[in-house]
Structure formats: C-alpha cells, structure tokens
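Before anything else, here is the set of structures, which you'll find just below.
You will see chain A twice below: alongside chain B first, and alongside chain C after that.
Now for the complex of A and B:
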C-alpha cells in the first residue's frame, strides 16, 4: 500500500473517532464474556470469530496511528501497521460479523463490535476492497433517486398489475385507489422492497384499516449501510426523506426490512414525520380496532424470529407479540428474553452476497437452527426480508421442516371483516 | 423490435427476494460477451424500477422492454 493511500484511509479512520468509538476502542478488558455470545463463534469455535478478537484488529491499527504509545513503542502497544494484509484481516472480521450486536448486550462495558466493524468496512470502501456487489446495489439505489423519470412509468404500470391480487385479499371500497402512489396529502408513506410480496399483503392491510396511505417510488433497503459507506447511506436515505416531505405525510412506514427500519429511524434526524415499522403499524391497527384477525387460521405451533435490527437494536419487541396473540393459538418463544435472541446469521450484507456466503451462513448459524428446532414449531415467522431468506436457507439446510413466513403476510391472510 | 432481438442468455427473476433481481442481472450480464444480449424477465414492480437504474450505473443498455401478461422482459445489451 502506498503512503498516500494509507494517509487517505487513516483520515477515514479518524473521521469515525467520536467519543463513543474511542471508548469502545480503549475499554475492552479482554474478559471474554462476549466469546460465546456471538452465533458465529458459538457455531464454529475459532478465535477469529470472537467479538473481541475482531475488534482487536481495528484496535491495533488505532493504537499504532492514534495513540502515542503505539506511535513510539509499537512493540509494547500491540499496534499494527495498516497494510494490504491488514485490509484482508479487516475484510474477514467485518464480513463474518452480521452486526447483530448480541455481543454488546453481554459485554460489561457495552462495547459495540458492530460500530467497531464499521471502521473496518469504511477502510475497505476507501481502499476499494469492499464486496463490489454491495456498492453496485447502493449505486443503483442512488441512481433511482437522481432520475425518477427513467423508471416512473414502468413502475406505475407494474403496480397497476398487482391490484387484482390486493383486491383478492381485501375488497377495497368503490372509488378507492387500490395501490396509491405519489399521493399528495396522504398520512402514511409505505416504503416497500422490490418484490410484489412486500407490496400486496401490506396494501390489503392498509385498505382494510382505511388508511390514507401512499406507496413510495423507492425501495426501503439501504445498501450504503450494509457496505458501511456513510455518504452512500445518506444519499439513499435522502430519497425517501425528500419524497415524504414533498407529499406532506405524517408517518413513514418501513416494510419488513431490518436495516431499512433502523437506518430510517436512527439516522434520518428530526423530521416532520414519525418513522414506524410495518409491525408497529399493524399492532396499532389491531389495538384501535381498525383491523380484525382470525387466530383460528394458525392452529399449528408457531414461533417468531426477532430481527436484530428491529428488536434488539431498535426496540420493536412487544408489537409482534401483540399481533401474534391475535394471529396464532400456539405461540412459542425462541429465546427466554428477546434481546438475547440469536441472530439468523444473514445480516451485515451476507444474504445480499448470495451463493458466495451460503456455506459460511449455514455453518455459522447452527445455533440458530437448533434454537428454532427446540421450539417444536411448525411455522417460523419473521419481520425482515433478509432474515426470511436466511431462515428459509437454514430450514432447507438443517431440514427443519418448517414453513417460513412473513408476519405481515400472515396478518393479511387472517383479515376478517 | 423485440421480435428481432435474439437473447444470448435468459434469466427468470420473477418473485425473488431482495436484492436478488439486481444481483442476478448484474452477474448475468458478465456471462455474455460485449455486444451480446441478456433477457431478464420479472414481474416485481421494484425490479422494473431497479433495472433501468442499474443499466444506467453499470453502463449497459436496455434495448427493449416487452410486457407479456403480468411479466416484463428486459433485453439488455452488454456494453463493456
């Protein structure tokens, strides 16, 4: 690595060094409590998968360049040069961590390994050594924000073709638009994903609740966040914020996508609208008597996987359980306490990397598969597309014999007048 | 126009989870030669929106889009 590249990367590193990050980098006592907390280590016990070990790779570079001890006595401070080889280690550490933050809830100091890994990811972006597919996906999202006209008509035509399937789930009232798009004065902007499956059930539930809603032109997912690039993350986020402001909505409702929800909720700053997950909105509709569900539709034992970015990392824990009280007659918890739930093993961009990460995703989530199997459930539902894909892969790989479902689809299927 | 376009590779991308439509189209285009055509079929509105944006950023060209029932076929030429 040439000196100019190294200096550029160190500038990126420095930009990440706020008070919280310095605390995380300077506090670890190596107590080892986080060791068993990581699903990767618990499934594949190798030192490189210990949370504190991953963090140590970043910490040593920090010591070398940002602490006087490391600068003057490198051998004493266990400091490390930022080299091509260090980048390879950073890649291995960052892209075997799903950012689930289970280690953080066990750590006595609350050290956030995901946050430390965000330095590793940013250095990889700076060195053009990140998984290029994630950057490509982020750039596609940004291009959509820059030129709505290149897809507007095709998107609207595609939405129109879904109407019959929405009406089959819930008959709209005469004169109502089945899937409103670009509706000025709507109360709620729903931000979906690319698939029809993330639009059809949601639309049926909004219409059943008589919501004044509109569908976003943009997809909720933020690949800028997956790849750890703050600039791209912001550009992707701003498309939705801009649309919400233009339409004057009071609420932005994020579909079943954990990262999308957490990014919108925690990074959009003060806005004239509130941010909700679709799970929160569905719970509210039930509480307010705006929709009714038939629990007899789901008599089989059922369990729910809390997506890390929605539950542990954004606090949506009670709402799915409240929905499930109205939806299923034999509900079984996965973990004694939801914040200690095992990650599905597909976060941090691993699912988006597809086949390339499949073997690792399956091996590193053995504890998740065992946790699910122990419940004896026949149905496993969740509220994140990424988790759904990973859990479906686990179901197949470990022959769990489950049906893996989206919670929002179950709500739509159980609607009664 | 599409009647005259011959696809060198075809991909059925209907109903795939996020972000597989764009991931697969992006991998698929690398499996044809420069100048050759990939036909990608989708029924998902988000993919209909994503493909033109992906083509723009990746420098490939959508030669035609053809609707057949609920699905749309994109004819994409590899440019580089």
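Now for the complex of A and C:
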C-alpha cells in the first residue's frame, strides 16, 4: 500500500473517531466476557470470532496511528501498521460480524462491536476492497433517487398488476384505490422492498384498517449501511425523507427490513413525521380495533424470531408479541429474554452477498438452528427480509421442517372481514 | 543507596502524580473535544433509567455476574479491596474521623485486604494464560497485572509484618511524617523511612506504584474514568 493511500485511509479512520467511538476504542479490558456472546463463536469456537478479538483488529491500527502508546511503545498493545494484510484481516472481521450487537449485552462496558466494525468497513470502501456487489446495489438505489422519472412509468405499471392480486384475495378490504402511489396529503407513507411479498399483504392490511396511506417510490433497504459507507447511507435515506416531506405525511412506515428501519428511525434526525415499523403499525391497528385477526388460522405451534435491528437495537419487542396473541393459539418464545435472542446469522450484508457467504452463514448459525428446533414450533415467523432469507436457508440446511413466514403476511392472511 | 531512596520516594512520586493527573485530564479532554454520536446507541429492553442503570452497570457489573460468575467474584473482591486500600492510604496521611466510624488500626482488615487483592490479581493473571483469553490478551494486559501484583505484594508485605508479626520499626506516625511532608511540598525522609529493615520494601512499593501511576493515563486502566460514560451509551 502506498503512503498516499494509507494517509487517505487514516483520514477516513479519523473521521469516525467521535466521542462514542473513542470511548469504545479506549475502554476494552479484554476480559473475555463477550466470548460466548457471538453466534459465530458459539457455532465455530475460534478466537477470531470473539467480539473483543474483532474489535482489537481495528484497535491495533488505532493504537498505531492515534495513540502515543503506538508511536513510543508499539509492542505494548501490539499496534499494527495499516497494510494490505491488515485490510484482509479487517475484511474477515467486518464480514463475519452481522452487527447484531448481542455482545453489547455481555460486555461490562457495553462496547458496540458493530460500530467499531463500521471503521473496518469504511476503510475497505476507501481501499476499494469492499464487496463490490453491495456498493453496486447502493449506487443503483442512489441513481433511482436522482432520476426517478426514468423509473416512474415502469414502477406504476408494476403496481397496477399487484393491485389485481390484492383485490382478488382481499376484495372486501380494498378501498377505492388499492395501492395508492404519490398521494399528496396521505397520513402514512409505506416504504416497501422490491417485491410483491412486501407490498400485497401490507396493502391488504392498510386498506382493512381504512388507513390514508401511500406507497413510496423507493425501496426501503439501505445497501449503503450494509457496506458501511456513511455517504451512500445518507443519500439513500434522504430519498425517502424528501418524498415524505413532499407528500406531507405524518408517519413513515418501514416494511419488514431491520436495517432500513433502524437507519430511518435513528439516522434521519428530527423530522416532521414519525418513523414506525410495520409491526408497530399493525399492533396499533389491533389495539385501536381497526383490524381483527382470526387466531384459528394458526393452530400449529409458532415461534417468532426478533430481528436484531428491530428488537434489541430499536426496541420493537412488545408489539410483535401483542400481534401474536391475536394471531396464534400456541405461541412459543425462542429465547427466555428477547434481548438474548441469537442473531439469524444473515445481517451486516451477508445475506445480500448471496451464495458467496452461504457456507459461512450456515456453519456460523448452528446455534440459531438449534434454538429454533428446541421450541418444537412448526411455523417460524419474523419481521425482517434478511432474517427471513437466512432462516429459510437454515430451515433447508438443517432440515428443521418449518414453514418460515413474514409476520405481516400472517396478519394479512388472518384478517377477519 | 540513599540517593536512590530519595529519588524514588520524593522526585519520582511528584513526577508520577503530575503525569497521572495531567495525562488523565489531557486524555479525557481530547476525548470530549470530539463530536458526540448523532444517533442513539442504546440497547433496548433494559428498562432502568439511563444514569442509574449506567451506575449499576459500572459498579456492580451485572453482565459479568450473569455470564461469568467466578470472574465476577474476583472482580468484586479486587475492586472493593482496591477501594479499601485507597482509604487505608488516606489514613497514612492523617487520621480521618469519618473513616474511624468502625474503629480499626491502619490498614483496615489486618492484612486480609492485601491478601485478597493478591489472590485476585493472581487469578486475573493466570486466566490470561488459558485460551481463549490468551488469544485476546496483549502484552499490556500482562505488564499491568504484574506491575499491580508487585506493588500490592511489597505494600502488603509491610502491612502483614505489622499486623501479623508485630513489626514496629516503621510506624504509622513515620509514614504520616513522610507523606504529609510531600503534601506540604517540604519533603522529609524520617530516618525510620529510609533506615529501617523494611525501607527497601517501602522503596520498591513506591517505585512500582509510581510506575503504575505513570502508566495509568496511557493504558486500559483509563476504564476507571470511562466505564460510566461508556455504559451510559448502552442505556441511552
């Protein structure tokens, strides 16, 4: 690595050193309490998968360039030069961490390994060593925001086709406009994923609840966050914020996508609208009596996987359980405390990387498969696209014999006319 | 030898406290000059109020108690004993009535506090020799533990001699004369401090304690100041 590249990367590193990051980098005592926290270590017990070990890979570079200790006594903390080899280590650390933050629950200081890994991911972006597909997907999202008119006609035609499906299945719940788009003065802007499964059941429930809603032109997923690029993350986020402001909505409802919800909720800053997950909105409809569900539709034992970014990291814990009280007659908890739920093993961009990460995802999530198997459930539902894909892969790989479903689809299916 | 005793017991002590004080303040100031995190870093489902929860997390170490009870026992012994020894050292400067609510000889615990601290440090050291803790450890972790162990061993040895074997050459009054002279910036070394059978132990104890203080601001021991704010981030 030439000196200029190194200096450029160190500038990126320094840009990440806010108060919180400094606290995280300065405080670890390497006590090892986090050892058992990571699902990757629990499934494949190798030191490199311990949260503190991953963080130390970043911390050693921090010591070298940002602490006097690294300059005067580098061997003391095993400070490390930023080299090509260091980038390889950073890659392995960052892309074997799903950013679930379960280790934060174990750490006596609450050190956020996901945040420390964001340095590793940014350095990889700076060195053009990140997974290219994630950057390409992020750039596609940004391009769509910049030239919406090109996509507009195709999008609207696609929505028309979906409307027919909604009417066919939930005719009695459909309003005048089955899937409203670009509706000025709507109360709620629904931001879905690219795919009928994310739009059709949601439309059925919104219409059943007589919601004044509109569908966003943009997909919720934020590939900028997966790849750890703050600039791209913000650009992708701002498309939705801009649309919500233009339409004057009171609420932005994010579909079942953990990262999209957390990014929108926590990074959009103070806005004239509130941000909710679709799970929160569905729970509210039930509480207010706007929709009714038929629990007899789900007589089999059922369990729910709390997506890390929605539950542990964004606080949506009670709402899915409230929905499930009305949806299932035999609900079984996965973990005695939701905060300790194992990560599905697909976060942090791993699922988006597809086949490339499949082997690692399956091996590193053995404990998740065992956790699910122990419940004896026949149905596993969740509220995150990434988790759904990963859990479906686990279901197949470990032959769990489950049906993996989206919670929102189950709500739509159980609607009482 | 007298010159070495003097250098360790007077100028090095002043130097160590200056490095410790200034170093810690400058390191903390450098940290707080940085911009704050714009978004929450909270972990949810912890319902205790933010600061109160962070205080409990910092001082009672509930996550360690839950996930590694043996380590928690030794960590609590270590930190409680450290606090008692700091109070004990304050009593070596002058008599504090408030500390004598339960009347005791200096130091509190008749040598048992130092013994417990030594055992805790040995536990911390030996657990680092075993994987996976060995894989996580860096030289700093060993150096700090060895430095603390040496400081505690030489300090406790003097306490054990007085408490258990009636050693009386180096009395509390001698320590008070020496330490208060340092505080008043008129350093004096009473003959008992430099000329008794245990002076060598005292000089080594002070020497290692000085090294520890100098090391403090540049090491992970800064967690003593940072544990509370970092835990507050988790509590939101």
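In this section, the second predicted complex is superposed on the first by the 411 of 417 C-alpha atoms of A that agree within 3 Å, B and C clash if a C-alpha of one lies under 4 Å from a C-alpha of the other, contacts with A are read in each partner's own complex, and residues count from 1 in each chain.
One rule holds in what follows: a residue touches a chain if its C-beta (ideal position, glycine included) is under 8 Å from a C-beta of that chain, and two chains touch if they have at least 3 such contacts.
Values in this document were obtained by computation on a predicted structure and should not be read as measured data.
**Student:** By the touch definition at the top of the document, which applies to A:338: first (chain B), second (chain C), both, or neither?
**Tutor:** second
**Student:** In the superposed model, does chain B or chain C contact more residues of chain A?
**Tutor:** So, of the two partners, C touches more residues of chain A.
**Student:** For A:50, select first, second, both or neither according to whether it touches chain B, chain C, the two together, or no partner.
**Tutor:** second
**Student:** Would you sort A:68 into first (chain B), second (chain C), both or neither based on which partner it touches?
**Tutor:** The answer is second: A:68 touches chain C but not chain B.
**Student:** Where does A:139 make contact in the superposed view: on chain B (first), on chain C (second), on both, or on neither?
**Tutor:** Only chain B is touched by A:139; chain C is not.
**Student:** So in the superposed three-chain picture, is A:108 touching just chain B, just chain C, both, or none of them (first/second/both/neither)?
**Tutor:** A:108 contacts chain C only, not chain B.
**Student:** In the superposed arrangement, does A:154 touch chain B (first), chain C (second), both or neither?
**Tutor:** Touch partner of A:154: chain B, not chain C.
**Student:** Name the contact category of A:385: first (chain B only), second (chain C only), both, or neither.
**Tutor:** After superposition on chain A, A:385 lies in contact with chain B alone.
**Student:** Using the superposition described at the top, list the residues of chain A that contact chain B and also contact chain C.
**Tutor:** Comparing the two interfaces on chain A, one with chain B and one with chain C, no residues are shared.
**Student:** Spell out the part of chain A that touches chain C in their complex, as residue ranges.
**Tutor:** 17-24, 26-33, 35-37, 45, 47, 50, 52-53, 56, 67-69, 75-78, 101, 104-112, 115, 266-267, 269, 311-315, 317, 337-339
**Student:** Which residues, counting only chain A, touch chain B once they are in their complex?
**Tutor:** Per the touch definition, chain A meets chain B at residues 133, 136-137, 139-144, 147, 150-151, 154-155, 157-159, 161-162, 192-199, 217, 219, 221, 223, 257, 352, 354, 385-386, 388-389.
**Student:** For the complex, give me every residue of chain C touching chain A.
**Tutor:** Those in contact with chain A are residues 31-32, 34-46, 57, 61, 63-64, 67-68, 71, 131-133, 135-141, 143, 218-220, 222-223, 226-227, 229-231, 233-235.
**Student:** Considering the complex alone, what residue numbers of chain B touch chain A?
**Tutor:** Chain B residues touching chain A: 15-23, 26, 43-54, 56-58, 65, 67, 70, 72.
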